[in-house]
Structure formats: C-alpha cells, structure tokens
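Encoded as structure tokens, here's the structure I'll be asking about.
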Amino acid sequence: MLVVMKQSATDAEIDRVAETIRDMGYDARPIPGRQRTAIGLIGNDGRVDSGRLEGLSGVLEVIVVSHPYKQVSREWKAEDTIVTLPNGTRIGGTEIAIMAGPCAVESEDQIVGIARSLREAGATILRGGAFKPRTSPYSFQGLGEEGLRLLAVAREETGMAIVTEAVEPEAVEIVAEFADIVQIGARNMQNYPLLRRAGQAGKPVLLKRGMSATIKELLLAAEYLLAEGNEQVILCERGVRSFDTHTRNLLDLTAIPVVRGLSHLPIIADPSHGTGVRAKVTPMARAAVAAGADGLMVEVHPDPERALSDGAQSLYPDDFVDLMRQIRVIGRALDRELVPPLGTLRVAESAAG
Amino acid sequence: MLVVMKQSATDAEIDRVAETIRDMGYDARPIPGRQRTAIGLIGNDGRVDSGRLEGLSGVLEVIVVSHPYKQVSREWKAEDTIVTLPNGTRIGGTEIAIMAGPCAVESEDQIVGIARSLREAGATILRGGAFKPRTSPYSFQGLGEEGLRLLAVAREETGMAIVTEAVEPEAVEIVAEFADIVQIGARNMQNYPLLRRAGQAGKPVLLKRGMSATIKELLLAAEYLLAEGNEQVILCERGVRSFDTHTRNLLDLTAIPVVRGLSHLPIIADPSHGTGVRAKVTPMARAAVAAGADGLMVEVHPDPERALSDGAQSLYPDDFVDLMRQIRVIGRALDRELVPPLGTLRVAESAAG
Amino acid sequence: MLVVMKQSATDAEIDRVAETIRDMGYDARPIPGRQRTAIGLIGNDGRVDSGRLEGLSGVLEVIVVSHPYKQVSREWKAEDTIVTLPNGTRIGGTEIAIMAGPCAVESEDQIVGIARSLREAGATILRGGAFKPRTSPYSFQGLGEEGLRLLAVAREETGMAIVTEAVEPEAVEIVAEFADIVQIGARNMQNYPLLRRAGQAGKPVLLKRGMSATIKELLLAAEYLLAEGNEQVILCERGVRSFDTHTRNLLDLTAIPVVRGLSHLPIIADPSHGTGVRAKVTPMARAAVAAGADGLMVEVHPDPERALSDGAQSLYPDDFVDLMRQIRVIGRALDRELVPPLGTLRVAESAAG
Amino acid sequence: MLVVMKQSATDAEIDRVAETIRDMGYDARPIPGRQRTAIGLIGNDGRVDSGRLEGLSGVLEVIVVSHPYKQVSREWKAEDTIVTLPNGTRIGGTEIAIMAGPCAVESEDQIVGIARSLREAGATILRGGAFKPRTSPYSFQGLGEEGLRLLAVAREETGMAIVTEAVEPEAVEIVAEFADIVQIGARNMQNYPLLRRAGQAGKPVLLKRGMSATIKELLLAAEYLLAEGNEQVILCERGVRSFDTHTRNLLDLTAIPVVRGLSHLPIIADPSHGTGVRAKVTPMARAAVAAGADGLMVEVHPDPERALSDGAQSLYPDDFVDLMRQIRVIGRALDRELVPPLGTLRVAESAAG
C-alpha cells in the first residue's frame, strides 16, 4: 500500500502518516519524489483497511498495491484448477465444456426432451432454473423443488450433469442434493451468507459475475467460497451494465483473458444473458470460445416462442447444432477440443466393462 | 406494449405477431406508420413477458409502455407516504429527517457517546451496522447481535430511533426486534427472499439502491416489500457505479426528483457511501437536501482515524454540527424544516405530562 | 510512478525495469514488500509514458502517482482564479454567476425578448447557440454568423455578457469577436486543434466536460487552454453517460467539490443538458449551488413548446424567476451571494457619471 | 414516434398533444390502453424533434420508433457495402482484412521495416499515426506531414495500402492525398465539421466508435459521411468506457453483430486500443473475428519497449504471425478467408501480364 501525500504536505503530516502505519502494526517507508512524497506500507497481509489512512491530513490518495484476494489467485496456485463432474466432464483443462438448456424448467416433457437433443448435439451439462430470481414480484418464479426433481429425471434419462441456481442460504442444501453444480446468480454475487453456505455444500459452484461487478470483486466473491474450503469453483462472465441499450447487457469477453491471468479458476461465458437477443447469441458464443473461455452456458428451448421466461434469448435446437459445429472448428485455433460427447463416454464404459 | 416491425416485415409476419398477442390473452392493434408498422398490445396488466414477442420473425424491437411496478407508483397512490417512527420522527412529509452514526457499532462507549452528540446536534435517528456485508471475507464483519443490543442501549439513553441492516432472511426477525427501521443494503437490493422477509417484519424498511440499479429496478425491488403488505418503505440513493474513480461511487441526485415524480414513497440520500470521501460528504449532503431529499443518512464517528470500517468517509462530530446548520438554511428555500430535535419533543412530552 | 512487479518476478526482471527507468532518464528505487517488489520512478516531470514499462516482463501494473496536469492544478496555483467579464460579472470568487438563455438563437425578437426578462430576473450572462453541433445531420444546425450578430444586439440592448459555442478551429476567431466567453461543447472537449485555437483567442473560455470524460481528462483538456497562455477558463459539469435512461445524462455534482479540491479554476453546472427534462432542472440547479458551484448555465425559452431545439429541457421564464429566488436563499448557507443584477450596476454607473 | 400519456392525463391534455402533432405537420393517432393512452405520430420522416412533445403537460414519455439514420441502414440498402482499395483489398465481403502497424510513425527505418514483416505475415493494410491526438498537451503528438511521406514510402516499398488519421478539418485534404483510407478517431466521432470534410475527400473513411457512443450515435456519425455522398465507410469498434479499470476500455464485440444487423457498412475491431494491454490483444482479436468482424486493426511495433506511444499494447512481430495463423483457422468456422496476401496478388498480376 502506498500513501501519496499532497505537494503541500508538511513534515509533521508525513510523520503522522508514518506513525499511524506503525501503530497499525506495519512498517512505513517514505519515498521522496520530485513532485511529492509517498509512504510505502510494508508488510501488508491483505487486511489493511485504507480508510484510516485516507482520512489523515495531507494525504492525497492511498493506492492499494497488494491484491485483497488470496486463494483464488495464480500467485497462490500456479496450475489451472480443473473441476470434474460425476459424468466425466472436466472444466478448466484443455477441453471446452458446454452447459445448455432452457431458462426455466417447465415440465418433464420439456426438460427431458430438450436434454435428449442437447446430448445428441454434444452438450454434457444440462442447465435449467427451478428457483428463478425475477425483477418483478409478479413474474413466474420457477417450479421450485418440483423443478429440481424434473432435472434429476433428465439426468437419469441422458447422463447429463445438472447445473441449477440456489437463491437463498436455506435452499443451498436441497439444490446441492439434486444438482452436480450449484449456481450463484449475478444478482447474488455479493450475497455473502449465500456464498458461505454454497462454499460448504460439497458440490462445485458456478459463480456468475454481478451486473456491475469489477473483476476484482468477482474474485473476492469467489474467495468467500474458497475460504470455506471449496476450490471447485467455476466463474462465469454474463454481461455487465452499459450505457447502450441495444443489448440487455454488455458481454465483457476481455474478462476471460484477464481472469485467466489473475486466477487459476476456470471461466466460462453465458452469451444468452450476456446479450439477451437470440441473433447475437451464436456470434458471441463463438467469440467467447475464441477469447479462451473454458466453456459456455447457453439457453436452448424446444419452443422459444412459448417459453415462460427469456424466450427471446433462447436458441432453437437447430441453432445449437450449428453452434456446436462452429465452436469445434474455433477450438482448433487454440488447440482445444470440446468435452467428448456422452455417447462416446458410454461406449467407452461398455468397452471397459 | 408496442411491437415495432422491421420495414421489410411481411403481412404474414405482422399477422403472426397479432395472433401471438391474442393467444397470450390480450388485444392486438396494428398501427401502420410511414416507415414501418407497429402493433399495440392492449390490456397489459403488467405481467406480459416481452420475450415471446421479441423473438418472432420480422420484429425489430418491443417497447414497454406500461410500467411493471404498481403499488409503489404515484398512479396507484397520489399522496406522499409518510413513515412515522415511535419517537415522533416523520419521513416523507415536509420535514427533513436526519439519520447519523458510525458505519459499524464498535463498543457501548462509542455508540452511546456518538448518539448523545448527534442528538445534541439535532439528529433523531441513529445508524450503526451490527451485521456488515464486506467485499473481502477477511474484513471486520460487525459485532452481530451484541451490536444490536448496544444500539438498543443507545436508544434507551437518547430517545433516538435505530436503523440497522439485515443481511440475510434468517436475520430479519432479530433485527426487526431491536431496530425501528430495517435496512436493506445496496448489495441486497435484488435479494428477493430477503425483501420478502423484510416486507413481513412489521417495521419500516430502508431500501438502498443497488450499485448499478436503474430507478425502475429500485422501484420494482420496493414493490416486493409493498406486495407483502408493508407500505412503510423509505428509498435511499447512495451512489452508482461510474467510469470515474475520483469518488468511490457517483451520487445520482437526479434520482431524487425522478423518484418523487414516479412514486409516493419518501427518498433520502446517503452522501457518505455515495462519495466515500469525507471532504465531499458535506457538499453532497447539502446538495441532496437542495434536490428535495426527504432526509439524509450520514456517517459520523467520534474518532474516524480509528474506525474499524469506512473511516475515510466518516464526518467528525464538529463537521456534522456545521452540516446541520447549513441544511437548516437550505431547507428554507424549499419551505422545509428539519424534524424537530428530540429535546424539544421531550419538553413537549413533559409539558403534556 | 510506481512499477509493481508480480510475486513471481525474478531478480533479472526487476533489474531490467530499473535499467529501463534509468535509460529513460529517471531514478529507480526498488521497494521490497511482503508480497511483492515495487520500483519507484523518481523525478517524473509529468512526461513519462508508462507504456514502455507496462509491457516489460514481470510487471504486474504501473501506478501513476504524479498528476499529468500542471497549470490547472491547485498545487501550481493555490488561490482561486476569478474570470472577470466586461459587464462586471465575476466568476470564481464568492459570487454565483448565472448564464441563461435559449438553446439556439432563433430570431431577434426571441433573443432580445428573453434577454430582457432574464436580466430582469437577475441573470447577467446570456447564452444562445449560433452554431449547433447536432447528432443527426438532418437536424437544425443553428443560424451561424447571423446568430452571433443577434446575440450582439441583445447585449447592446441589455448589457448582458454573451457566451456561445465554437464548433471548429476556423470558427473560433469570429465567435471570439462577438462573444464575451467562447464555449467549447462536451462533444469537443478532446478536440485538441479547437482547444489550441480557443486558448489563443484572447477571450475567456467555458469548457464543458465530455460525456464520458473523467475529471482528470477534463483537467487535461483545460491544460491545453492554459498551455496556450489563457488562464481565463471556466469548467462546466453537464452530465455524464450512465446505464439509466430516466434522464438524458447523469449530472455528476460531486465533480464540483472534486474539481475545487484539485484545481483553482471556477466550475459551474448545466442542469438543463445535465438532466434533459424540464421538471428536473430546478431541483438540480438548486443542488448544484448547494454543492458549491460557482455558477449555473440554464436554458430558458419564451415558448419552449415551439423551440427549434431542446424545448423539453427549457424552463419557462416564470420558472426561472422562482429558481433565482431559491438559489439566493441556498447561497446564504454557503456565505455566497448572486452576482449583483445589472440594473444595480447601471445605477452605479449613472451615479458615477 | 409514440407519445405516452400519464394515467392521470385529461382529455384536454391528450387533445393538445394531438393538436401539437398536427401543427408540426404529421398525423396523430390516439391508442387507448388499459393503463393509459398513447398517441402515435404517423408520417415521421426522421426530422421530428421530440422535445416539443416531451414538455407538454400530461406527457409521461416520448418513444422514438423510427430510426433517425437513413442511408447507413440496411433498410435503405440491403446488400453489404464492400470497400475496395487500390491494392485489391476488399473490406466488407466474405474476406477478412487486416490493418496492422505501429501506433505512430517514428522514422523511415521503423515504418518500412515493420511494413515488410507485416506484409510477409499476410497483412495488406499498413496503419501508422502521423497526427496523434493526445490526452496531455505535453505528450508526443506525431511527426505530422513528414509522417505521411514516410507512410507513402512504405507503400511504395511493399504495396500495402495506408490508413492514417486526420484530426482537424483543415488536415483532411493532405491526409487524403497520401492515404488510401482516412481515419476518424474515437475522440472525433462527433466532430461534425471534420466528418463533413472527410465525407467530401473522395477516399474511403474508417470511423472509430467514440468512447461512450451508443451504436445509434455511431451510425448517425456515419450518416454525416454518407450525407456528403461518400458510401465508402468502414466502422470500427475500439472499446467503450466502463467502471472496471482492469483494461483501458471495454471492447464491445457484440457491437459487431448488432451493426451487421442494422447497417450495410463493414465493421472491424481494434483490439489494441480496445484492451490497452498486449497480452489481451491476441485473444480479443481472435474473438472479434469469431464474432463476425470484417477485419482487424492491430498495433504491431518492431520494438514495443522503445515505442514513442502505446508500447504497452503493441504486439511483437512474432505475436502477429501467430495471430494470423489463428484467425485463419477461426475464419473457417464462418466460411471466411483472409484477404489474399499481396505476394499472391502480384504473382497473379505477373501471370496475367
């Protein structure tokens, strides 16, 4: 941490800053400059609250040099974390993992039917909301536990792994019972009691970036999960707020290489929520893979026009087949393959048996 | 709701949109224009999900004309809602209500001492965090229930009303037991289970605007509270995300007249979190009152340099006395007075006794 | 400037950074920390291009400590700059200066008529666009030179000073010939050839903040003017881009105390462009004065419904009279008075005569 | 255009809006709804100023349905515009065009040397700044006309086409004399006199999106060029302002499919300015091609550590060779090829001869 003094700062003010730093239990090292003096705080263990220094007389600004997150950082752990699911899908290595499915679980026919066609197209993880956080209290809020049971049926039928969202601490346990990955949605990225519970649930967690969260805040939210002993964490870029309303959100694909530089955790992209418009989902899904994403989460609905939520951003099953073909080609430019389709795995299992 | 068609839309596409609208249970009214056709959806009860229409072939865009919130709107209730606290403070009428206190409750001496000087300066509501949502899992997270008990002691000693935050659904009950106003923080503005519980708690609720929430989203979050039968809701502008880092947040004071136009609920401003820098708190507190705020929430700490959190944005008690003097003058330009100080009220009570 | 190294940085990488700094002509001072090493660049004269250092191997980030602007800063000149106009109006001292008038000059009747009523209400500076930068090539673009001549007629009739915009370098000279203040609009804040010419024009310059300019960029743009030898510069906050569309722009009033801390230049606010909606102009004008603005620029039109541009944000003359009364009261809270009305000045002149 | 009335609007207010619309020369069509009345303005030719209507009593909001740009839109011209350069490069068809080179022209050795290696790697257009708009008046501002002459030498030596920026109206002519494409930079996107002059220059124009420009504003700026009779326009996404400072700008790749839907003009991406950090340029260049960009503009410098500007975001020549290989593969997923390298063209010419 660096405390930058005003040009007009007096020696007494500079001394007081240094004393305060020592009073906080750290070393102070003045660095005289041509324009002004700065004072380095040495020994920062990541817990220094800059507030006490910012308010001191003569201080121009306080610059944080050490990063406040620890276990999520590449400096803590250099090699990539790989999250492995029961059906063999690996997220975070050289393979590209595909999560697909409807925004919300609506019925057994709907979810099992779409799961079959998604598996056929090569996806290995099924998404579907059972509990839906909705901006308006009057919108459809999901089927709840019944939705979880239908997802389990779809897994039974297809072998796909299940990812679905928990929206409150009390619901984490039941979601974790049914799901292979517990999702924390964008609106809850800084819901700390929920993060703590999810960190304790014993299942991988998919953490979506908040609508206006910086990458530092995303990593700090993930730190809550790792601090509970859960390292099986997947980050997800899903678009941030912007001044332009042409798309619902602004998909920040640069977050992908940035996160890969700062953290060992895998990062995927959600171009469906990230754009909000069907015609933009396929181009941005391709772009995410080209930017280096470890996977995608894509909304696909058998009949988008009748979807109970987010129909406008759901692909038709045929669009999804095209998308899979395209990203297979793009993966080659980065020496990456798609996660092998489940059919292949099963054949392998049979052969082994 | 208005469905705007592309210039190239065919009659068949226009017909299909109209049929879909009727299939959803509403009337469709085509409006031919010079450049393109639009189709009005008549009879929208606020529950129409535009997604189904946005995805139809030939559709350029869907424009929402009716507002999705109801009970919070001025069209639902024309007269201002006034929230009345047990100590006589009224929020939302012609008076300006002042909430002040430290970021976090730290000790009995700290909270009772500062409460006395705040009451002396004219504040009637004491703020202080017992449960603190912190961006880093390694920061001080508040005293918890002990903090609530200390706030109750301060109320006992001074007569000030108490406002403090609940950070998860399970904690709403105990916060509501001790506090006069239950605060929902900015990070939790869209934590719907928490909003539902707060709506049922039987106490006034202070709802802070999320860091990148639109005003429409703020009003929809408040709608969750009113939908549970609680109309005693106070909104709070506390700064939004911006591209400039000179201040921690960008205090959006225009939200004050905008909300007053759209809703009957009172709105206050928090210039402490809204700026994050002590030297900017007083000017922006003055500006908020001049913009028409129904009150202020201001952080004041007896010794900001030793505060356990947010010291850099806390006023010294003497700054606060100056601020009160200034906003008293500014109030006159709008024909508004500060809430009468508690001393006066007590004298009145004694006289009555 | 501080070059922060990665934890994994080798001694060779650290040495190379230090050598590069010395090669650039500055001193390098390594500062070992608990987590990582940082290297201070000593002797920065404000011309260091951080790019060369950012790209070096082992570098995590480069933090700029010295500020890149000079002559505009309070560290360069501690006392407030006061801009004085020929009609006696002083901008930047303890008085509050009011610029008012229509968005565009439309006719002699319009501009002289409104000037008379504005002067009556107490304004001393008349605004009015002769050259209008418009987002669409098909919108009304102003009367051009004829507009300048009409402004001069209005000055002749009322004694008000004139502020009007120059939109290209070649037009600065003629604008400066007719106007008392040359305005640089928000879209041109970083039009450097225009800034250079305006800096040479020998007239005070009103520089509006760009739609997404940081305060640092605003001050750097002003530095272009001072670098040409013109210190008579007035800054103007007029709203920045935001994700919320309830108002056209987000008026960033915190910029006022921030600029007053960093610079000696006066700063005013334009609540008309800053909100874009008539009903929000008066509250935000009051708020700007309460925040410490040195003046206001407000659009007033004799018949807003027939204005050729920006009618929706123009006050009626009666609204303006009310506003003047309110800000007079607010000024008292800050020990500030409005600039004395021109009538008084003239009486003084006559008396002197 | 749709004028939405408040629920409380009286019949008289509704009538007045309708009369005003007729007074403006258009048809008014009231559309009664369940919650409120809206009034359609029929016959909008793109010149309606909504201001006059927004300010009327009883009006809640005015919604613009017709788009204000004309000639740039796909509704005006359905087929893609293809810009063809003298050296045979085609921008906007099925080929992907690559513009590469240093931020600024620094010397003959530098520009000719880098041009040779870029041509070798397959680029056909050379970028290089002769006039540099710089945020600080004290930074290197380019070699000016000498820079233009050096670019011409590089073209002579390599056959590459030249793109370089004009920063003021008076300089357009000389830039157009030397360059094959006249670039308008992001800071000047709304510099209308400059746009007008560029539209008249008789050369293709590369128009960069402003730092906080909406896509609608970008298209309106392009409309200024087409309105002067120049349809040879290439748009360029180069990153927008955001709240996160991890990268200099936020590259909005979704703009690519959005623009391709709305306009017939080609659009490329500049991942160098769009990220500001070398390590992010290659991933985002790949992503731009995957999103459907018609080309790339990439900064490459023979010795980035000694670059006079933007060294931190410049690729090394070897990085560029890798990038070209990767985007060749990605292009296949979209059935697109790179523009054929100049060597091949020359051979073809010789064969034809």
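As written, the chain order gives the labels A, B, C and D, with residue 1 at the start of each chain.
Simple rule for what comes next: a residue touches a chain if its C-beta (ideal position, glycine included) is under 8 Å from a C-beta of that chain, and two chains touch if they have at least 3 such contacts.
The structure presented is a predicted model; accordingly, all values stated were derived computationally and were not measured.
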item: From subunit D, the most remote chain by mean C-alpha position; value: B
item: Chain pair with the higher count of C-beta pairs in contact (C-D, A-C); value: C-D
item: Centroid spacing, where centroids are CA-atom means, of subunit A and subunit C in whole angstrom; value: 40
item: Centre-of-Cα separation between subunit D and subunit A, whole angstrom; value: 31
item: Whole-Å separation of chain centres (CA-atom averages), subunit C against subunit D; value: 28
item: Overlap residues in subunit C, where contacts from two or more other chains coincide; value: 212, 240-243, 245
item: Subunit C partner contacts - residues on subunit D that touch it in the complex; value: 20, 46-47, 49-56, 68-70, 133-140, 167-170, 187-188, 190-194, 211-212, 217, 220, 223-224, 227, 241, 277-278, 304-314
item: Residue numbers on subunit B that touch subunit D, as the complex places them; value: 2, 4, 6-8, 29, 31-36, 38, 40, 42-45, 63, 65-67, 75, 78, 212, 241-243, 245
item: Footprint of subunit C on subunit B - complex, ascending; value: 212, 214-216, 240, 242-247, 250-258, 261, 274-275, 279-280, 283-284, 286-292, 325-327, 329-330, 332-334
